[in-house]
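Below, subunit A partners subunit B and then partners subunit C, in two separate complexes.
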Partner chain A sequence: MLTNNDLITVPQAVALIIMTVLEVGLLSLPREVATYAESDGWILVIIAWLLAFICSLVLSTLIRRFPGETFIEYSQKVIGKFLSFAIGVVLIIYFTLATAIIIRTFAEVTNAFMLPNTPREFIIIAQMLLTIYLIRHGIEPTARIAEILFPLLIVPIFAMYMIALPKADFTELLPVFNTPIKSMAVGSLYTMLNFFGLEILLILGPYLKRPDKIYWTMFVSVGVIALIFLFIVIITFSVLGVQPAKQFIWPGMTIIRMITAPGRVFERLDALAMALWTIASFTASNSMYLAGALTCFHLTKAREFKFFITILFPWVYFLASLPPNFVATEELRHIVRLGSVSVGIAVPIIVLLLSIIMKKKGETA
Partner chain B sequence: MTNIFSKLYNNKKEELFFERDMSPDKSRKLKTNIGENLRIVNEYLSDCDDVITRNFYMGQGGKHQMSLIFIDGMVKLDTVQNDVLKPLMLFTRQFPLEYSVGEKFFNMVKEGLLTAGDIKEVDNFGELILGILSGDTILLMDKLDKALIISTRGWEKRGVQEPSTEAVIRGPRDGFTETYRTNVALVRRRLKDPNLKVKTIKLGRHTRTDVGIMYIKGVAKPSIVDEVLKRLNTVDISTVLESGYIEQMIEGDWLSPFPQLRRTERPDVVAASLIEGNVAILCDNTPFALIAPTTFLSLFQSPEDYYERWYIVSMIRILRFIAGFFAFTFPALYIAMTTFHPGMLPTDLVLSIAAAREGVPFSAVVESLIMVIALEVLREAGVRLPGPIGQTIGIVGGLVVGEAAVRAGIVSPIMVIVVAVNAISSFAIPNYSVAIGFRLLTFILMALAGVAGLYGIMLGLLGLTIHLVTLKSFGAHYLSPFVSFRFSESKDTLIRGPLPSLEIRPGYTRPQDFDRINDRRHDTIDKAGDESADQQ
Partner chain C sequence: MVEIDRRLFVGLVGIDVSSDPNKYTFHFSIPIAREIMGGEGGGGGGGVGGESVSQITTEAYSLTDAARNLALRINRDIYFEHMRVVVFSEDVARRGFENVLNDFARQPELNRRSRIAICEGKAEKVMQVKPWVEKLKAEYMESLYAARAKSGKFIEMDLGDFFRNLYSQNGNTLVSKICPDSTEVNIGGAGVIKDFKFIGWLNEEETQGVNFFLGKVRGGEIVAEDIGGTGTVTFTILGEKAQLSLKKAEPIPEFDFKAYVTGDIASTSHAVTYDHDKLGTKYIEELEKVISEEIKAQILKGIKRLQEDYRVDLLKLNEHLKKYRPDLWKIYEEDWEDIFPQVSIEVDVKTSIKNVGILR
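Now for the complex of A and B:
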């Protein structure tokens, strides 16, 4: 059923997952963890890491259990045709909504920091056209792009935060374990939502070149993401302080606006940071869009999936221009994230448990 | 009226038919009668005044006719006279009678008489005519339905000179010439390896140009060799005057601004890439060879990179990549910074830019467009004009663009700097085709920057990345080794590691034989050092 050339290698899969997940947390994560746990925010990240790791274990086990089969195919065996179709439709809506939100947020941030006078529609459409141009080339090129852009994104981000390091005051992190258990628990659950994006593996599973290494792939990607999050939270807290970190919408951006490149080559780095943000948002929307188109493809059992990329364009554009303003966008983003709980955690767990109970397995497993 | 039209039409048809019939065909065999054969040859080569036919008689009594046919100016007359005509005319007379004519005589001439080096037997007019046109001499004999092609090629040609487009400070000074055989020999001299294979085919219906592919058996991946041969065989073109024709016919993606074959004038570059598992395509009548598959990185390399020490080379390579980046982004960055993000630049710089731009009536986009186009025109004018006038253009251009335009208030002095950096950067790219591609991209990026500032540039760069990532040259990723990255290959990318550490060949060609260098210095040097120390 699948063409053999269009497979994702292990490093590509790692890069793809990291780039997809990273986009969301990069700017707003410090604010969220500060809101829930004040200076204990970094502990939330670690707990969320463990939770996300468990979630990734579930996904990996599913992929190992049904190698080479699409989610729609094996969920049909486990929960029946009708339910699987319904979940498929939900998945499509979820993935397209996620794409729309990523692109819309990007357009909002760009409007706020870089191009105040450029119409939002222009940015949305330009970004979507770029995405479509890429994913029409196929699955493996999409992963290849993530692999290539990964160092181009990570290295400058580290460099920028490193420049801010002399301003850091690590006593800001100090009252440790000061947060009540309850808000800690709620907070870590919310923090875990920052790992949303892992569920693309549900769709991309059959396209992995080495499904036997899926555990390793997942372990590395979740680990790297968590370390980057931890790094960002610690630097933000110690540079900005916990209280200001709560107040800014994008504390990450605030830090970058504070610093000046050494030697004063650039007086302000926010435009440069926005350029990086373009990369992050681009790769994240790529994989979400791709997952959406692939779900359509699996659901309809069509001959070619590229057709769906074009079909989804107006739909995604409609979703992206749905929220009237920035607040509504953030609310919708929150809903999508909550949706990721059902799609990324609940559905895989149910399918996995049922398949274990019913002793259903893939043919080659 | 219709009559005239039909006449015209018919005429044309006849003419076409006539033309096609006239092209020599391999299926048309030689006759036993020499008069008949000569008539047919003359039919093919009628109105070709440069063809010389020399008739003479042989054997005791001189009864049987022989004919030599060659083209004046394409043969070495020395060889024709001393190694062909002389033995034939002098010694055949002394043959015993039983040798007078026929198969025996033919073999005697072929194997025992002619002192020319390369002799081939031929029995059809296709090869015969092609032999004449290629500069060989044809020997026709009476009563025989075959002829001899005697290799006497030799024409006025340019000697081996220093390549003008790829000059190096350290490295061999010889470059390819316009003669295919000389070029093959230049490569062969560097690779005395029986596995170095040369396959020659003829391309071009009219030009019948020799096109050869060279590869090292056991190193080059057979599928790449097959792919190159396959693509070459699909080329159906009337003329091949330069390897550029072939390049454009066999490249995979002709919409791409980047060349998918590397062209070079240097035999050492060809030899080096053959060892790395590439296939080289050599073409007659041009000093430019093509190398396939090629990667983006290899276009940024110069042969000197391997001759100099690695620190220097690494620094130069990094400089080249910075230059490459500026070569297509600098004017766009200027537009984006001044129009959209003045806050990014240091305040003093913004102020001085603003002060400099005060009298300029145009927006930054128009200003840049004027300057970049002016520069392109100057460059083009400089290339085409003969040397002495070219210098004048340089001076006039420099004055007009640099001084007068600023004084007249059309452009700002900063703009001049921007364009100058852009131009100089593009000249730092070793490969001319890439440099031109980058100049094209400059315009696209300038337009994007004019529309959406830094975001526009990012759009352009991401689009470019997508294009490069999906581009393939003969099955190899254009961006390799960054695509499907392997650490062992990273030593010869942005930097060049020390030569002994480059133990394997690059993987994009997927060579069958990976070993490149075995570092045995430590075995020998250490021992030698110890021994000499002992002796003291």
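Now for the complex of A and C:
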């Protein structure tokens, strides 16, 4: 059923996962951690890193246990046909919603910083058409695009924020460990939600060329993501200050507008930044959309997955235009992230535990 | 999409109070591209022969409202992306300006790198200045504020820094001052903002003192009486390093402040001719002491003014406590406004002279 063309290599998988998790939400990350822990925000990122790594271990163990099988297939074995079908439907809804929210946030940022007069609907549809064009070709080209765009995104992000360093005041990161344990715990759980996107591993399983190397793949991906998060939080705190970081909706974008390199060589990096966030949200919505379509495909056991993309299109568009304003978007985003906890952590843990108890295993490939 | 030739770029924004207490008078100064071209290119421009900068005034509730008002009068689109300086009049600032400031913080198209200043008297006066040095006043004023290496007697900050200070200090900050004349402006001194309201000025010396305290001085000069009372000595500042530490915590915090200043001797009343005494090590050491004393006096003046007259912590002592002694800060936070004036600060300045010029 799967042609060789549809398998992705380890570097491709790493790139795909990183690019799925990195999206425009990153721009608001400093605000979120500052709200929970003030100057201790960067510690939250580190704790969230560990938590996210544990989650990815659960997902990876499932893939190791049932190599070459889709999530729907092996969950059927473990929890029965009906429940597995129900979870499949939830997954489809979740991935559709996640695609919608990523594209919507991208449209909001574009509207705020780049194209104030362009109708939001136009930005959404343009972005979706591009995504559809790509993912119709399958998972391997999608992963390949992620692999190609990966350095194009990561290197400029680091370079761009480095320019802000002369303005940085690292005493803004003081005091350390001054946050009550409770808000620290709540905060790190919320920060972990920023790693949403890791659950595409549920879908990715059967397409990996080397499922035996999945632990290594996840270690590298989660590590790189966390380092980028940490870097952006520290730079934003030290350049913008912790209190203002709480106030701005997208502090990560605001500091780019404040950057002046010595000698004014680089002054307005907004355009570059927007280009980068376009890449980030494009790749993230690719994976989410593809994951949604593939789940439909696995669930219905249809001959090919392409027409599911078309079926999902109006729903993604509808959900993306649903929130009337930014505040509503943010609420919807929160729901999506909570959804990511349930489908990305709770469900896999239950399935894994049950499969261990019931001693169910896939045929060893 | 608006083409660039259909846009007007605002260089200076001035804000005055108006007769209606909820409204403000907004002044925009807008450079006219064709006139600037004409002047510098040697008659290439059109035949209007007018001024290179025009000024528009309107009354409105907010900046955005003002820009919309102008839509009825001006066919081109007004753009704030290249805004250089925003000037608030004393009265606007005194009334409390979080409302009128909100536009500047909220809207991304307002240039966050533009300077912000409070002017003595009406902002309109600043708008009417016709600088003789430069053609464009926005350019002129902005580059004045960029000259931190030439003087420490003004506050160097852009809108981004301003909001950062304002938000992290609960509405207290120092802000640049601007004083209009007919062909020049003077940016020496500073305005004191307490709780989003302007409450008074610091003069140039006090401003330099506070800048020394915050470790922000990168240039400028110190003039002190020369040893033996024979005249004055001028000292050029090259750089400064400031160090603040908590000496005693209870019952009222006490701070230890050390500043290390480096610089050159620009002129002295000694060693004028060859037959005089040469500038020996001993003399230089004595001079260092004299200059240190002068700097210390300036710092103390600044501290005294803020503690006694304005009772507002712009020395960032609160930030120091919060960052390095969060346990103490929890105790003091509530009554800091009352505690701050009683805080004692020991000031110690060490000056080192690097160069004496080319005379012995």
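Just so it is clear, the second predicted complex is superposed on the first by the 354 of 365 C-alpha atoms of A that agree within 3 Å, B and C clash if a C-alpha of one lies under 4 Å from a C-alpha of the other, contacts with A are read in each partner's own complex, and residues count from 1 in each chain.
Everything below uses one rule, namely that a residue touches a chain if its C-beta (ideal position, glycine included) is under 8 Å from a C-beta of that chain, and two chains touch if they have at least 3 such contacts.
Being a predicted model, the structure only gives us computed values, none of them experimental.
Novice: Return first, second, both or neither, reflecting whether A:112 touches subunit B, subunit C, both chains, or no partner chain.
Specialist: A:112 sits against subunit C, while subunit B stays out of touch.
Novice: Considering only the touch criterion stated at the top, classify A:247 as touching first (subunit B), second (subunit C), both, or neither.
Specialist: A:247 contacts subunit C only, not subunit B.
Novice: Look at the residues of subunit A and decide whether subunit B or subunit C touches more of them.
Specialist: The partner with more contacted residues on subunit A is B.
Novice: In the superposed arrangement, which partner chain does A:310 touch: subunit B (first), subunit C (second), both, or neither?
Specialist: Neither subunit B nor subunit C is touched by A:310.
Novice: Classify the contacts of A:300 with the two partner chains as first (subunit B alone), second (subunit C alone), both, or neither.
Specialist: neither
Novice: What is the contact status of A:275 with respect to subunit B (first) and subunit C (second): first, second, both, or neither?
Specialist: first
Novice: In the superposed view, which residues of subunit A touch subunit B and also subunit C?
Specialist: 267
Novice: Across the complex, what residues on subunit A touch subunit B?
Specialist: These residues of subunit A touch subunit B: 9, 11-12, 110, 114-115, 118, 122-123, 126, 130, 133-134, 137, 141, 144-145, 147-149, 264-272, 274-275, 278-279, 282.
Novice: So in the complex, which bits of subunit C are touching subunit A?
Specialist: 105, 108-109, 112-113, 158, 160, 163-164, 167-168, 322-326
Novice: How about subunit A: which of its residues touch subunit C in the complex?
Specialist: 39, 112-113, 116, 171, 174-175, 178, 240-244, 247, 254, 257-258, 260, 267
Novice: Show me the residue ranges of subunit B that touch subunit A in the complex, using the header's touch definition.
Specialist: Against subunit A, the touching part of subunit B is residues 340-341, 343-347, 452-455, 457-459, 462-463, 465-466, 469-470, 479, 482-485.
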